[in-house]
């Protein structure tokens, strides 16, 4: 079976500066290749991606081209460095831009475009913050429709305080990172195949109507502007 | 198909005190019932569950009985109130006790006992903190082997500051919560059936050996005690 | 000047089991001693502290005795191990029990009992999670009235994945941890003296009345139960 | 006494689009004005601020001008909307750019430029995420040298799910937000005066030397590249 993966590398550094996060990304894509996955790595900061929460922020915005690839992918991986204990500003920018996908539900099922996509996360930092970056990112992806397999993360961090980063610290030979890279690769691929053959049937649109029939707004309209489109 | 779900209600209040979290849990289990799911709700604080990170903390520990049910479930849901912006101490206790499952891998595949279990989270609070509670909890579950479907969370929170909780605030009629309760219920059930028919084949044990063959410890043994059992 | 500090060690292990967190706590209290600070370390799990959010949960509850010491302290430090990327269940329990202090405002100023107390945090884990544990804990303390000096945290964590903990990994000689231990100790002591001589004059009670005069409830009473006591 | 405050508004929207976060910021600066504080609000996204972790990212970078104002301020407030449960990408960008201040220690004391600055945070979102945004941001500021007074945050969020934002929801009249705005304003001002009269004497540089004399690297140099500059 032919599968494809998009990896968004959210390093702060433009090409051709070396990216520790990219080094770890390449390890994972290298493990997925023999399992039949063709991967494309996009270094987000090399492109003109304005801040925003829509799928197209107007002239010069290069996000629509990236988004088209994201929506066509079986596997979506966010790769991010850690800064100040959390995911990078570029990773946050990417997640915010993906907000626009909420506005493109399937007309029949109401499912968001990322439904049936399989999500993962790859993280590097010279110390602490991987759990926070991973949990927020995977949760955000799951909210936008991604399936999260077990052990769908891979990270390397050094011990407390500043220090060398992944490549300089010999992270390539770090047992825990290498173990989880393999687990992640195999589980991502298994679920990507599974979702291709068994797409989620849930009719989000109908269930939303059912919920609406049962619910009322918690505040009367006079106490606030009309609700924005749900999501 | 017959499926069963275990929901661990991590309220701080012992029975028979009313639990807002339980009210929302019952909504979700009520939506899963017609889809063929038999649910059991366990109010953790009614039992004697000592702090710890093993599956049995000795005499009087009631965790082993609960754990047996967790391991037998197709669907595992953590229900938690929010206190100080994060999940409750009882929810954290439950996650810590689940650490013991890392020590019970399948002899052939090395998979943890929660592999092929489908995970979800239900949260109530009188305000802010649901995203943090949900993302940490779902990430922790995925690390222990659970599959996380899209939209696998359901929460109710009020607006900024103290205020009435779920039941008192008319949360039963809150549109967003009712919508996501339905999405969650249907996605959990679909994935529970999917995993029953298509168990994950990944051989964690073999992949770990592959990783070990490629890796070295990042610090020589003379600089630290022997590593504890991995994972 | 004579100052005193209370350190709540939130390890999961009862005495006399060795606690890595306690080892790092003793380093910090040892650095504060020559600066005139008398410290008491309380291992919370050695006491009977039920779950709850009041200052006294009834018969057998040993929290009131600990709380009296907390309220009498110039410096309050939470020491916690990391489990699953966040602070321990015992640390969360302690923060939840401190919720009760919101109900004991000063009759004149409305200030909570922890106003003018100086707060800090000490964390150990065999890997990742210190930033999340520190930021939540210091923020919670600041919400209850504590002043947070610069660099008011000290932690040790190892690199990615399981591995030896603080004492076994030679953490005693870890430069970053030793540096921040000193910064923390000196800043805590300076601010403890400063607050003794310059107690915060803010009249919380009056400002709350000013706010009430300007505000209205965002929902009419018919849409929810009466608000609980604020804060 | 004359004091000045800089507020960095980290909305994603360029001027002249209305910013809910700015509306709440103006409430707080309006409360500080009669207490003798002159405030400047900078909408970060109106300026050309590249991603990075240095104080000057080269030609066209407008951060150096903003940073000069930040360093000259008595009070530094980060204002941010919530997106996907956490602070905005612009807020994360700002925190990352402040990383450069670590490289400008005082030659005598080693203190970072933000030592003796008083820090606060203002947050708006249509729902959930304020605690996470506040705790990370205040912790980051404290790590860079800021003093965090009690109740140094002010936020407005609506109830669970999408809905109207601060201005549209009548947040101007929300009791909790108005109460905490007043507490925050008064405490920020008190501490700004306090720090002007009582600058922190801690000699970070000397304490670092003391720590170095006691410590060793946890890994021998052969196992990694030389450590980057600490902090």
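Letters A, B, C and D name the chains as they come in the text, with residue numbers starting at 1 for each one.
In the analysis below, a residue touches a chain if its C-beta (ideal position, glycine included) is under 8 Å from a C-beta of that chain, and two chains touch if they have at least 3 such contacts.
None of these values were measured; they are calculated from a predicted model.
Q: Spelling it out: a chain qualifies if it touches subunit A and also touches subunit B; which chains qualify?
A: Both-contact set = C, D.
Q: Pick the pair with more C-beta contacts: B-D or A-D?
A: Output for the comparison: A-D.
Q: Round to the nearest whole Å and give the separation of the Cα centres of subunit B and subunit D.
A: That gives a centre separation of 35 Å.
Q: So what's the Cα centroid distance for subunit A and subunit D, whole Å?
A: Subunit A and subunit D have C-alpha centres separated by 27 Å.
Q: For subunit B, write out the residues touching at least two other chains, lowest number first.
A: Those would be 84-86, 131, 135-136, 139-140, 143, 159, 161-162, 169-170, 174-176, 179, 218, 223-224, 230.
Q: Can you list the residues on subunit C that touch subunit B in the complex?
A: So the residues of subunit C touching subunit B come out as 12, 45, 51-53, 83-90, 92-93, 95-96, 99, 126, 136, 139-140, 143, 159, 161-164, 168-170, 218, 223-231.
Q: Applying the document's contact rule, which stretches of subunit D touch subunit B when the two form their complex?
A: 84-86, 127-132, 135, 155-162, 174-177, 179-180, 218-220, 223-224
Q: What residues of subunit C sit close enough to touch subunit D in their complex?
A: Per the touch definition, subunit C meets subunit D at residues 112, 114-115, 131, 134-136, 138-140, 142-153, 169-171, 173-176, 178-179, 181-183, 186-187, 190-191, 194, 198, 200-202, 204, 207-208, 210-212, 214-218, 230.
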